[in-house]
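Structures incoming, each one as structure tokens.
Next, two complexes with subunit A in common: one pairs it with subunit B, the other with subunit C.
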Partner chain A sequence: MIDLLRGFMNWLFEPSIALTLTIVAVWALYRYRRVCTQNKIVGGLIVASPLLFFFFSAFDPNFWIQFKRPDNIPIAGMMFLVVFFTWFALKLAVDNDDRIREGRPPKEADPEEEEKVFVWPDLVYTELLCLLLVSILLVVWSILIPAPLEEPANPQLTPNPSKAPWYFLGLQEILVYFDPWLAGVVIPTFIIIGLMAIPYIDTNEKGNGYYTYEERKSEIFLFQFGFIVLWVFLVFEGTFLRGPNWNFYGPYEYWDPHKLVPLTNINLSEVLWARWLGIGLPSFWLVREFVGIVLMLLYFVALPVWLARGFLRRYYDQMGLMRYVIFSHLLLWMVMIPIKMYLRWTINLKYFVAIPELLFNI
Partner chain B sequence: MAEAKAQKAAGTAAGTGTNRREFLASFPFVTAAWVAMTGALAGVGAATLRFLYPNVLYEPPQQFKIGLPTDFQVGEVSTAFKDRFGVWVVRNDEGFYALITVCTHLGCTPNWLATENKFKCPCHGSGFYSSGINFEGPAPRPLERAAIALADDGQIQVDKSQKYLFEQGGWDDPSSFLPFTA
Partner chain C sequence: MSWLNNLKDKVGTPSGWYSDLTRTPVWKSIFRHKLPNDPKNRALVVLTNVFLHLHPVRMRKQGLRVSYTWCMGGISFFLFLSLTVTGILLMFYYRPTAQHAYPDMLDLMESASLGIMREMHRWAAHLMIITVWLHMLRVFLTGSYKPPREFNWVVGVLLLVLTLLFSFTGYLLPWDQLAMWAVTVGSNMARATPMMGTEGPGVQLMQIGDVPLITAGSDMRFVLLAGRFVGEGALLRFYVLHCLGIPFIFVILLAVHFWRVRRDGGISGPGKGGKLAL
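Moving on to the complex of A and B:
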């Protein structure tokens, strides 16, 4: 019974399924936000879900090995914090949305609900207490669980698996699917620029100073997609699911360094010319990669135009050409990440366009 | 003009003693201070730059001998020189080649997995056949080969300063491969 359950959980955590489930979960949380936040049982289950998962998983010897590593403990804590605060913010938002619908001001702006305290002593006092408590926590933590120091570095021996610091595990995961210059330089730059560009792209003034979801649905959902799915989930995956030789392991699976996973990559051009047409690859890259190049042009050039006239018309009208171009490209790059992950996991697709002659691969 | 100046000078001398500003300006102290500060900053800058370069470099030698051709078995991927020299030596049916132990993705050191018959990188999972060709994971190109030749004393000599890249046609170069002649 337990083994069956473990097998089922391992299957649930296969990358393509786990990613899909995460996306669906985020979507469902916002779609059924009323039930999720106002029903005590559902809400309690959501908040407790990471605790339950880690509590039950800790009985599994294989999971325990990974879980108890000093550098993995904060990740488990982070899962709890992310779920809790996502849920909590949504709860406040739903409450406010209800008030707004009834024609009342949001709670934060309601004079009747107003709760004002002095900076001195109330706020400063609270801050001092927090400072003390957090310092004590950190000191105790660092005494009880020493930092994982290893032997001096040896250039001929790379630890297996070699993991980036936890906050970079998302980027390390992206490195698996994209050419190094894209995943290592272009995409991180886009992330930073994109975050900085948010206030210029999202000029919806609703929600300033109070929680709300209904007044800025797509903004919040898009951000949470980038944060929860493409950052937190990838950190979790890199921490608990990536094992020796950077293979995927289920959470209750033993990290066997000899696990055999057939992963032979294939480029779109190889699928097209060799598999479908049955002739060899043309030698000139423009001919060879023609379909991939057209596909990328469709995706990055035609798709935003098409969206501007249809699905995203409202945004296009609001933003104007320049801001819409920037917005749509950041969006398309963001969506490109899960697209490539799915394609790699399902059909082992490596690159849409592979031109090693020009060091250009997508 | 001259009178006024003299008067002023006399006035200061008679009144508050020496005018401090004029006194200082007449000495090259300020100049010296600026020179000293610039010098010190340049020194700190130079020391910082110098700090970027290690005092001792434990770099494996670029040219080395790895033994007689008969020391290797056909089909063997020798990991014996990985730690010391950073190469794998492969003996196939026809001869020898030396693969450099640097992943072409971001430079980690892959491991040779004999049972799976492949090199596998622990950083992002790139896999390479024993020929060095990349077939899985993100590595965009095959492993690099080093120059390999027979030395005068009959030993195999590897020269890592000469690299042969598959995608540049380097593996067709005769120095990237040493045919076995018994």
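Moving on to the complex of A and C:
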């Protein structure tokens, strides 16, 4: 029975299924926000879910090997904190949305809350308490768990798996689906630029200085999609579910370095010329990759125009041309990540455009 | 919070030796105010203290609520201070050379008294990354990046990036397998920088005649590592960046970040969003 459950959980954490479930979970949390935040049982289950997962998983010997690594403990803590604070913020937002619907100001704008208080002592004491609590946590944690120190650095001996520091594991995970110049350089750059651009792109004047969801639905969903699904979830996956050779291992699976994973990835041009037309690849790259290049141009040039006239029309009207161009491109890059993942899982697509001659692959 | 008020009253009523102490010339030369138990002195205690002066004298009640701020920015700053203190202590024991770095780690573990400095440094670093992320989440969810605080969000993103770089450069310093290979994996990406890495797209354009400008000895990865692989040059470079280079920029941006919180109207809240608070 337990083995069956373990097998089921291992299957559940397959990247394709787990990513889909994470997306669905984020969507469901916001869609059914009232039940999720106001029903005590549902809310409690959501907040406790990471704790329950790590608690019960810790009994599994294979999971325990990964979990007890000192550097992985903060990641387990982070999973709890991210779920808790996402849920907590949503709870405050739902309360405020109810008040706004009734024509009252949000809780933060209550006349009572507008009252001015002295920073000394009210704020300073809060800060002191916070400081003490964090200090205690830090000292106890440091006494209980020694910092890891492995064998001396040895350039001749590559560990398997070789992992980046944990906070970059989301990017290392994206490396499975994208070429290094995209996963390691372009996408991180776009993440930084995209984050910095948020205040200049978001023209919605509502929701400034209080928790709300209904006044800024798409902004919040987009941000949480990026933060929870494409960052925190991928960090989790890269930490606990990626073993030797960066292969996927279920949470309760032994990290067998000899696990065989078939390499069946195939480029779009190979599908087109070899599989469909059956005439072999043309030698000149421009001809060979023509369809992929057109596809990318359609995606990055034609699609924003088409969206501006349809699905995103409201945004285009609000933002104006320049903002919209920047926004749509950042959005398309972000959406490209799950698109590429799903294409890999379904049709084993390696690259849309593969030009090894120019070291250019998308 | 009645216990807090009780505590405040108790502290606010000096007696005995404490009362005598506050009347000495030394005490009066340091603190330019009486005990902060009335409005005038509560204002003075903030105004006459350079550290407390980061705060306004008075603020909206709503900005006090931990349920609103999650205290994540404050905790991040406190962790930064803890990291500075523990980092300074660690620097006494650590030499950034391939010969000494690892043995110094062993000495630190086995011989240094009260040897939890490395633990505190490492766990505080991990924690700081998490609290900075959560601080960003809070600021986003309360819409606090909206006018007039747009620029401060940008500064915050830069501080986030620097926090990650702090941690990344520090990761190499123990000079064990974990350190070396994590940094190898991370820095290998730099090879693929467009135009500026040996394996990046467009690198073929970067040559004069047959002479390539970008080689393994001159590309982005080389700049990062001061070498063709993670070796002693990288160790020294990461050490200097970790202890001096990044802190230098970080503290400047931190000052801007705090200053702008004040200038842009204090902790965000609904209502008069665009009004300057003095």
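The rule we apply is simple: the second predicted complex is superposed on the first by the 356 of 362 C-alpha atoms of A that agree within 3 Å, B and C clash if a C-alpha of one lies under 4 Å from a C-alpha of the other, contacts with A are read in each partner's own complex, and residues count from 1 in each chain.
Quick note on the criterion: a residue touches a chain if its C-beta (ideal position, glycine included) is under 8 Å from a C-beta of that chain, and two chains touch if they have at least 3 such contacts.
All values derive from a computational prediction rather than experimental measurement.
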Look at A:F300 in the shared chain and tell me whether it touches subunit B only, subunit C only, both, or neither; answer first, second, both or neither. neither
Is A:W246 in contact with subunit B, with subunit C, with both, or with neither (first, second, both, neither)? first
Considering only the touch criterion stated at the top, classify A:V176 as touching first (subunit B), second (subunit C), both, or neither. first
Let me test your reading of the model: by the given contact rule, A:G184 touches which partner, first (subunit B), second (subunit C), both or neither? both
For A:E205, using the defined touch cut-off, is the partner it touches subunit B, subunit C, both, or neither? Pick first, second, both or neither. second
Using the superposition on chain A described above, determine whether A:L260 touches subunit B (first), subunit C (second), both, or neither. first
Partner chain(s) touched by A:L157 [first = subunit B, second = subunit C, both, neither]: both
Thinking of the overlay built on chain A, is A:P356 touched by subunit B (first), by subunit C (second), by both, or by neither? first
Subunit B or subunit C: which reaches more residues on subunit A? C
Of the partners subunit B and subunit C, which touch A:F118 in the superposed model: first, second, both, neither? second
Residues on subunit A lying within both footprints (that of subunit B and that of subunit C): 154-155, 157-159, 162, 172, 179-180, 183-184, 359
Mind listing the subunit A positions that touch subunit B in their complex? 154-162, 172, 175-180, 183-184, 244-247, 258, 260, 263-265, 356-357, 359, 361
Which of the residues in subunit C end up touching subunit A in this complex? 4, 7-8, 36, 39, 42-43, 45-46, 52, 55-62, 64-68, 70-71, 74-75, 78-79, 82, 98, 102, 105-106, 109, 116, 118-124, 126-127, 129-130, 133-134, 136-138, 140-147, 149-150, 153-154, 157-158, 160-161, 164, 167-168, 171, 174-182, 184-186, 188-194, 197, 199-204, 229-231, 268-271, 273
What residues on subunit A touch subunit C, complex-wise? 71, 74, 77-78, 81-82, 85-86, 88-89, 92-93, 105-106, 108-110, 112-127, 130-131, 134-135, 138-139, 141-143, 145-155, 157-159, 162-168, 171-172, 179-181, 183-186, 192, 195-196, 198-200, 202, 205-212, 216, 220, 223, 227, 358-360
Which stretch or stretches of subunit B touch subunit A in the complex? 82-83, 86, 101, 105-106, 108-111, 113, 115-116, 120-125, 127, 135-138, 140-141, 167
